[in-house]
Every structure is written in structure tokens, then in C-alpha cells.
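Take a look at these structures.
Each of the next two complexes has subunit A plus one more chain, namely subunit B in the first and subunit C in the second.
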Partner chain A sequence: MSIGKTRPPKSRSRRTGSGRAGRELLSALPWLAPTLVLIFAIVLFPAGYMVWTSTRDVSEFGVDRGPVGSENYQRLLEFDAIPRVLVNTVVWVVGVVLVTILISLALAQLLDKAFPGRRLVRLAVIVPWASSVVMTSVVFYYGLDPFYGILNRALVDVGILDQPYGFTKNTVSAFLVAMGIAVFVSLPFTTYTLLAGLQTIPEDTLEAAQVDGAGPARTYLEIILPSLRPALAVATIINIINVFNSLPILRTITGSIPGYNADTTTTMIFKFIQAERQVDTASALSVVNFVLVLVIILIYLRVVRPMRED
Partner chain B sequence: MAAAGSRARGRGPRWLLSLAGLAVAVFFLAPYLIMLVGSFKSRADILGVPPTYLPEAWHPGNYASMWDTPETPLPYNMVSTVVISVAATLLVLCVAMPAAYYSARNRFPGRLAFLLLVLVTQMLQPTVLAAGLFREFLAIGINDTWLAMILVNAAFNLSFAIWIMHSFFAGVPKEIDEAATLDGASRLQTLRQVTLPLVWPGIVTAIIFTFVACWNEFAASLVILTTAENQPLSVALTKFVGQYQTSWQYVFGISVVGIVPVVILFALIERRLVAGLTAGGVK
Partner chain C sequence: MTSTRTTVRVGALALGLGLAVSACGFGGDSGDDSGSGGATLDLLVPSYSDGTQALWEGIIKDFEAENSDIKVNLEVQSWDNINDVVRTKVQSDDAPDILNIDAFAGFAADDLLYPAAEVVSEDTLGDFQDSFAENASIGDEQIGLPLIASARTMFVNTDLMDKAGVTAVPATWDELLAAAKKVSALGGGVYGYGMPLGNEEAQAETSIWAFGNGGGWGDADKITVDTPENLEAVEFMKTMIDEKATQPDPGATDRTPLINVFMQGKIGFIEALPPTVGEIEKNNPELKYELAPIPTKDGEPVTLGVADHLMAFKNDDDKKDAITTFLDYFYSTDVYMNFVTTENFLPVTKSGAEAYDNADLQVFLDALPDAQFYPSTNSKWSATQGAFQSLVGQIGQGKDAAAVLKEIQAKADG
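On to the complex of A and B.
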């Protein structure tokens, strides 16, 4: 941290002029350069390289065999599984995010109230957040095994099932199980974000509503929910990005199912890279995903305006 | 988040809320309890049909014998996870702290653009860039090395660290700095003796959050680390699934070892988790 310590302590100034601005930029650079280098080398450069690769023909051993224009993208469009994968992706993102938000609204409401043991409940809620998603998925995969799975046995014991069911053995139920796990691991962050939103609602606003004779339902719909709008926007958009990019859950739960019927565009990219060894096609699909994520980020910047205080 | 944020209103008795809270806690802990109990079962026990909830006999020896399991070189995977996580966290700290400090304390041309870049990076994940990273590391010859994953983990967790430390540095009133400077302290002295103690909670949050994220990273490691000895625990664990007879007791033993430390770390920063992630969007 010793670099740049000889600079004057404050550079905030009302004076303008390009010389001044240049000097300010020069003195800022040593502090920011490591960050800029790392972001350039590991985020921006590979993004560009990926776009480049998506227009090349790359052999399965990684040899670049020259330009092919938009052939990789066309191959994607002609791929038989693509319609199903796109539908899966939409169902995956919309379903998981929607259910996560609804459950989190209830959970946040509960955790916002004072009761004995609340601190411990909050700590329990963060466990799936801290844990490796692979490890969480694996225990569900084991638990839902039709023969030795303990969750299957529990479902039978409770009377929900007549006999154990092979949840992970067919495409549709495995995909739904994966969605359930995705909700499970998304709940902690979402609940905490909404909880932070709840805590910004002033106590007197709620008291005033009670004095005015508003019932709990009306108070919730007309006061609490509107105040939660910023927190909801943040939680929704960050969840959309996370769920869209999620790999480990589907890979664990539906990975042994042949074909692409239980894939999203994200898990398909990894099949292209690993099983098919088609980095060029994988790059083309990654570019599509990347552009989608950028659009979501733009929406985030427009809706949430996280930079507004600066 | 304690008393100040609590709401005493509500009509049901408080024990009813506690009961609901207990149900929520059990729901979130259940998979991890299954892991914990399963890690003590014998191989025959855990593959038994129908399964039993509790082990017939408890086998704590699994935690010793799992290191020799044939599926994956587990001791190496453990070392990989630790080395990559620790190195990436240190790198993040060295790179993020100056940037957070400077951008919080000084105006300069391009400051907003810089913060915007940080924010956008925070929302990107290695998953979406895996193909590009794979090609890049292949081209510069560091594919399948710890270094590659240290760089990836550092780059993608940098933003959270900058953001949370930025908000702590920005929260220290300038007057405190100025007073220290008037008393004759150098810039570095002021930083070390006045500012650092005030922003320490932000630094700890950044360290823990980064460490946990690196510890659990999966997608990029899966593509970039191809040698079994180089892979972290998260990737190693997938080798067990889909085997004819999976050694679930070891899978769960490894999971317990992989989960307990990071849960404890996360619990330490529980109150500050949201602030950094949502980058000022909630309040």
C-alpha cells in the first residue's frame, strides 16, 4: 500500500482543466491498476476470446483450423435438441426464481418478528448458502434413490408415497427435483435480502396503518409490499443471473440421463466442452448466454440504480 | 439486526412463532443432518434396502479411511481446495484493498466508470466465460494449474470485496483522517492506526466471503483442472455419483469436512452478508 503515498492527501478539487484531470488520473492508477489488470485478463479478455473462438473451427484437440463465419451459430440453430433446451431454460429460470421469491417473502416475514430462538433459526437458514452446491445436490440425489434413498423412505413413512419412486431416473421428475434443489439453495440469499428490505420500513409507518384500522392483509399489500420493491428487484435480478448460470445441480441430478432433454443452455455448454469436445460450438452458445446476462445486468442497472448515491 | 429491527407486533403467541421457526430450521438443516448421520454408516448399511434412519453401528473410522478411497486422490483434493482458496483470498485482498480505499476517498476522472466496471463484474460468473477461460489458459500454457484457478477465483470475487470495503472506507468520516493528519501522522500512519481499525469488519467480511466462494467454486474448476490431483473437493465429489455402488459414507464424510468450516465462517459474518452482495441496492 506504500505506492503513491507521496501524493497530496486529498485530490478533491473544484479546479478543472485537463492537466489537473490527467494528474488525478495518474495518481489514481497505481491504486486501481491491479484490479484493472485482473479484470481485463480474467474477465474481459476471455469474453473477447470466446467471441473470437465462436467464429473459428476448433478441432477436438484444440487446434484452430481457421475462420468459419457464423457456422457455429448455425449449427446451434440446427441442433435437434435446441427447442427443448430453450424451453427447459425458461422453465428452469422462471420457475425457480418465482417459487424462491414467494417462499422467501413468507420466510422473511417470519424472521423479522421477535421470538425466542430467532437467532438460531437465522443461522440455520444460512447453512445451504455457505455449503457447496455440489455437496447439497449430492445428498438429495442419494436421498431420492428408489432403493436406498432415505428421503424416499421418509415420504413413504409419512404417507405421501405408497412406495419409493425413482425421482432421479426419468427426465421430467429429475428436472423438477433439480428445480426444487435450486429453490432450496436460493432461499437463504433471497430471504436475507428481503429481510434487509423489511428492516428499512419505519416502525411508525406500520403503527400508523394499525391506528388507521388497516388489517394485516391490507397493511401487507399496501404498505409492506410496496416498500419491499427495491429489495424485491435486487433479489429477483440477482437470482435470475445465478439460476441461469447454475451448473452443479442439474449436472448432479440429471447428469446420468442421456441426451439433452434435461439440459439448460448452461449445462449444454459444459457438455459441448467436455463430452463432445466442441469448444467452438460451446463458445457460440456461451456468447449467446453472455449477451443474455449482459441484458439482465443492464436491466438491473436501470431498475435498481445501485450507483445512484455516487 | 437484533432488537432494533425486531417487530414485537403480531397476534399469535410467541411460542407459535418459535415453533414455525423450528420447522424452518429443520427444513434447512435436514440435508446436512442426513450427510452427518450417513457419514457414520458402514458401506453395507448405507446401501441397505430399505434404508435405516440411524446407523446400525456408528463408524467414525470412515473419517480416517475415506482418504484412501480409490475414486479420487482425496488428500490432494483437500490440499488443492485449501491452496486455491487461501491464495485467491490473499490475492483479492492485495488487489481490492487499494482500489476500495482510493475510490472511496478520492474523486478522479473515470471513478464512476471504474465502479460500474466493478459492479458489472460482480454479476458475471466464471460459468458463462468458462469456454473463453479454457481457451485462454490453454493458449498461455497454464491450463490445469492451481495458478489458473487462483486467478479465476480472485477475479470473480474481487468485485464483492472492493464493493464491501469501499462502503466501509466511505463510511469513515474524512474529518477523522484530517484530525490525524493535523496531529502530524503520516498518510500511512493514519491509514494503519485510524482507518484500518474502523474498516476492519468490512475487511473480515470480504476475506470470509471470498474464501467461502473460492472453496465452493465448481464450474471453472471442472473445465480447467483436468488432472485428478489438481481438482478441488467440489469436483472430486462428482466422481462418486453414478458409480455402480457409490461409497456414500465417504461422499458424506468429505461433504461434512467440506461444509463445516465454511458454515462456521459464514455464521461469523451473518449480519453483514446482504450489504455487500446487493451493492447498495436495498437501502
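On to the complex of A and C.
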């Protein structure tokens, strides 16, 4: 009856357990090796090289002139626009991910219901995913061009605008347009992840809730959302990483805006390379960028605790 | 327990993904295939027009037919990318043997280039026009090989001028301001002066104004952006913007799209290039326009001259003879003039100038004696140019001209 009786002696079990694990690991190595080599070659080595470059003085044409310690990082600290760039980055990541998740929750709920033509609607949601991000951005960029963009033309013809507006030429509007496009291209993946999550919720749980007299709002908040937690966690983390590192949308939409008011840390890395010709400073910012995304994700895991299984 | 382990696992996943996404762009192989006797030359060029690739391919085919032991590998890149491509190649020890680009001083400062005298024959070296040879030298030694020249001049839409009641083509800043305001007042998506200060080529437009006030950006030893002459010029640009004599949002408008708008007949005045003549002929031959000297503060003629260069990298001394053979072939008058005229540029060799025959572009050739250049032999110029491209447009977004010039000067000094 008592639980204590059936438990084997603690110390022995641990020793044999770890010994077996070690042997198992060793025998698995031949199968793991190709993956490990790949991870080293395309993930760890480039990342290490990036960290190394961030401590070197690299000429604008790529010649390594020796170590400089933390000078590249100091140059970053002294860069006037850094506070604005960091604020932009936070607005960009939090705004895009939050709006994407909210819209996707609604879309997933809609696509989970049976209705005529559901297959077509599901296909339509995939389209932005299937097309290249640069292409999507360029289409919007030209559509919003004040001289020959059809979106601008339509707004003027309908009477919403008196004259074409340079949506992509002014800092705030261009940044908002870029965020809108980022949401648009993030929706398919997020919606489908959540839809998959929705479909794992057992029908009888929902029926039980109904029998117990829970209304739609209560069912959603107390049954569906908690069951979606793992799917939401995956969707959010992948989106944070993607959006944080996204270059093409901002590059296309806000690329022609002078100054640094529409830059995130990721586009700033690019400007350090292209305009300022400082590969070394760009590497330092890349390292900072990487640490930042880790911190954001750790905060998310800490605060929201999406993997809690209680 | 389970939850912490899962957290760690997701954390590790995030770490891996973060690494994978943030560390990309690794390339570079150093293939060295110069055989005995023969040689393979890597030639990296930017794309001047849609026809550039075919033009070089033709030149290389004819060259290889005459010199069967030398093979030339052509790589064409867009102007947007070529700087990055070269940098990556140099960094991974895979520099091209011959490169066509605007500025050579940075490469020379890193001691990557052969002096011109080592890679072309004396005849070829002596054929460059003096001003261009000087512009391609550091100290007394010529490093770059001038390839093509280009100059700016003002394109005037005469229809719009008539409609707005402007009787004479403006020659000074004040006349230009008055005329452009009249054209802008026509409304309906028509604007007076096209001022492209977007990051494509903001330094060119700014230079035209600064040179028009006796200003400039310094010399091989020192970059001087923040000077009284330059400040006065940039302040006048800001006046043009503030008084709505230009198109809206000049700070974020790139040159190529804006020249397209001029071709559509919606801009009164714009500074443009020799190839623009051919593009108008092709895309909108109906357009009524004429070419005029660039307006300056007091009406003295000036233009921005730009010369692009060929340069040879010190990769392998065995290839030097092959490089010389190829470059001498390229600069022979027929081959060279075919290149220059097909691309609609101006020749930089003495024999080329004599052979040149194109009435449409004569006004550009006439402007060349008054041309001023970027201080491109200063190794700080590339960074300065980058600073102009990303910062000068801020005057179109309400920022003070003096503050913008100070910011650019700081980048040039840093």
C-alpha cells in the first residue's frame, strides 16, 4: 500500500541510470555526428566568428588590422541614435508580434469552424506565406508611391486624400506601413500553428463545458485559451525571433528615409556595413542584437510561463 | 520539474534559432586556377545599364579569340551590391583581378592594388586625359585607370516652363527658386525642381549645390564638409524645400525614380546624366525638353564630374602580364569607344575624345572643363559619401542644415 515500499534505493538507481545514459549517448554518436557537424559549421562557427570580428579593427574593405578589445562596443555606446533605435526595436517587435497573435487567434477560430468555402479561405490565408517577403514589400512600396502608386491614386480618387501622401517617405507612416506588412506576412504561420493547437482540443471537453453551462466567452477564456498555451508559446517565440531579425521589410519600406529615426537594431547593422563601412561595429551590434533577442525570449518565458503544465 | 526542463528545451531551441538567423552570409572560396602559361582573370564590374553584361561578354569573347591562353571570368553586380561583394571577397582572400568601381583610394590604402604603370603599357598610360589621370593618382603615382566620365547638366521641361510663364531658363539660384515655384504652382502633381536626397545618390545633388557656391568636400588629405560655403548652399537647398519649389519629401526620394517622373513630364527642372538623353528617347520621345547649364549662386558654370575606374589587384604576380594584355586590348580605341558610346558615357582618353561624335551629348562634353570631382582619393571619402547618403536628406524632414553638416563632418572625421 505504502508508496515508500515500492521505491528502489535512491543512490544505486542514479548510478546505474547515468552509466546507461552515457553508454547510450556514446552509441548514438555516429547517428548524431552529421547533425552536430552541421550545427557547428553553420551555427556555432559563424556565430563565433561574428563575436571574434566584433573585437577586431576591420578596414572598410575587409582587411583585418588587429585586435581592438571593446572599442567597437564603445563606439556603439557613443552613437547618438542608439536610444531611438532601441525604442524602435521594442515597438517593432512587441507591436508586430502582439497584433499578429491577436489577429491569428481570431482567424484560427474562424478557420476551425465548418462553413462553405472553408478550404478556399484556408488557401487564401497561406498566400502571403508562399510569396517572397521582399516581393510583398516591393508591391506595397510601389503601390504607396506618391507619384505612380495605385493605392495612393485610389485614396485620392475616393476622396480620402486631397493629394497623394508619401506614406513610405515619412518616418512614422513608413514605420507603421512596415509593421502592417510584417503582420500580414506573419499571419499564415501563426494562424496555422494556432489552428493546429485548436484541433488538439478534445470535442468532449468542449461539450462538458457546454453541459456545465459555460457561455462562449467563459469557454474561450477558461478552456480554449489554456489548451492553446503550447501552440501560443511556439508561435510567439518563433515570431519574436523572426520579427526581431527581419531586414527585408524595413529595408524596402523605410530604406530611403534619411537619418536613423526609422531604424531597428537589425537595419542599423546593415547601415553600419553599407553606409558607414564599419564591418567591425556591425559585428558588435550583431552580438548585442543576439543578446537582446535572448533576453526578450527569456523575459517572455519567465513572465508568461507559457510552458507551465498545471 | 517537467516545466523547467521544457523551459530549458525551448530556451535551447530559441538559442539555436537565434544563432542560425543572426549569423548568416558566409561565403568565399579562393579558387586559384592559373595554369602554366595561360591565366584566368576574374573581372568584376557593376551594371551600368541592362546592356552592360552583353557588352562585356562581347568584349571578352573577341579578346579570348585573339588571346587563346587567357581566360576571363566575368561577374556583373548591381551598384547596390558591388561594394558588399568586393568587401566580402577581399575579406575572404578572393579579390577579383580586375575591378570596375568608382573609388580606388581605400583599396590603395590597404595596399591591395598595382600602380597603373605596372599593368598597362606606356602608350595606354599616356593616352588618359591629364585631368582624369590626376584624379586617378595618389601623390604622384597613378593607381586607378579612368574608365568612363560622366557629368551633370540641368534638364528643363520646356512645356511646363511655357505653361508656368517662365520665359528664360534659370541660370542662378534665385532665378531657379522663382521659376520652380511658378511651375509647382501649376498643381496637379506637377513640381518645379526635382531634388533627390534619398540614399541612392544624395551626395551628388548636394555636391552640385555646394560646388555652385564655390564650396567642396576637401582634398586627398582632409575632408571638409562643415564650411561656410557648403552651409550656405545646403541652407539654400532647404529654402527650396521649405518654399515648396521641389517635389514633396525630397529627403526620401531616390534619383532614378525621380528622373522617371521627369520623363513623364511632371517635373520642371532636374539635374541628370548623359544616359538620361537615351532613356527619354526610348521611353517618352514626345517629351519637350532641353539641356542647360546648372544654375549656380552667381551664374558661373560648374558641373559635378564623376569618373569610374578600373583597378588591378595584387593577387598573383604571375597574372600581371595577362592583366596588362587584357587592359591594353580594352583601351584600344575601337574597343574602348564601343564601350563608352554603347553605355552613353563620355570618354576619358585623348584618342577617345577625338573619335567622339555625338551632337546630343556635346553639352556634357562642353561642361567637362568646369567639372569638379569628389575627393575620392581620400580614403575617408567612402564613409563620407555613405554619411551623405543616409543623413543629408534630413534637411527635407525639418532638421537644421548646420546640424546635418556637423553630423556628416563627424562621420568623416570618425
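Before moving on, here are some points about what is shown:
In the analysis below, the second predicted complex is superposed on the first by the 244 of 310 C-alpha atoms of A that agree within 3 Å, B and C clash if a C-alpha of one lies under 4 Å from a C-alpha of the other, contacts with A are read in each partner's own complex, and residues count from 1 in each chain.
As a convention for this text, a contact is a pair of C-beta atoms (placed from the backbone, for glycine too) under 8 Å apart; a residue touches a chain by one contact, two chains touch by 3 or more.
All of these numbers come straight from a predicted model, not from anything done at the bench.
The larger set of touched subunit A residues comes from B, when the choice is between subunit B and subunit C. Judged by the touch definition given at the top, the superposed model places A:233 against both subunit B and subunit C.
Contact with subunit C, but none with subunit B, is seen for A:171 once the two complexes are overlaid on the shared chain.
In the overlay built on the shared chain, the residue A:279 is in contact with subunit B and with subunit C. In the superposed model, A:60 lies in contact with subunit C only, and not with subunit B.
In the superposition on chain A, A:180 contacts neither subunit B nor subunit C. Judged by the touch definition given at the top, the superposed model places A:139 against subunit B, while subunit C stays out of reach. Of the two partner chains placed around the shared chain by superposition, neither subunit B nor subunit C is touched by A:95.
By the touch criterion defined above, A:297 lies against subunit B and subunit C together after alignment on the C-alpha atoms of chain A. After overlaying the two complexes on the shared chain, residue contacts for A:124 are found with subunit B alone; subunit C is out of touch.
Taken together, the two structures place residues 39, 42-43, 46-47, 49-50, 58, 62, 147-148, 164, 233, 238, 241-242, 245, 255-256, 273-274, 279, 286, 289-290, 293, 297, 301, 305, 307, 309-310 of subunit A in contact with subunit B in one case and with subunit C in the other. Those residues of subunit A that touch subunit B in the complex are listed here as 1-3, 5, 9-13, 21, 24-25, 27-28, 30-32, 34-36, 38-39, 41-43, 45-50, 53, 58, 62, 107, 110-118, 120-136, 138-143, 147-151, 153, 164, 184, 187-189, 192-193, 195-200, 203, 206, 210, 230-231, 233-234, 238, 241-242, 245-248, 251-252, 255-256, 266, 269-270, 273-274, 279, 282-283, 286, 289-290, 293, 296-297, 300-301, 304-307, 309-310.
Taken together, the subunit A residues at the contact with subunit C in this complex read 39, 42-44, 46-47, 49-50, 58-64, 145-148, 163-164, 166, 168-171, 174, 233, 237-238, 241-242, 245, 255-260, 271, 273-279, 286, 289-290, 293-294, 297-298, 301, 305, 307-310.
Listed in rising order, the residues of subunit B touching subunit A in the complex are 1, 3, 5-10, 14-15, 17-18, 20-22, 24-25, 28-29, 31-32, 34-35, 38, 46-51, 53, 94-99, 101-103, 106-112, 114-121, 123-125, 127-136, 138-139, 151-152, 154-156, 158, 162, 177, 181, 186-188, 191, 212, 215-216, 218-219, 222-223, 233-235, 237-238, 240-242, 246, 248, 251-252, 254-255, 258-259, 262-263, 265-267, 270, 273-275, 277-283. Only residues 2-3, 6-7, 10-11, 13-24, 26, 83-84, 86-91, 106-107, 109-110, 112, 189, 197-200, 202, 248-249, 251-254, 257, 261, 264, 266, 382-383, 386-387, 389-394, 396-397, 399, 411 of subunit C touch subunit A when the two sit together in their complex.
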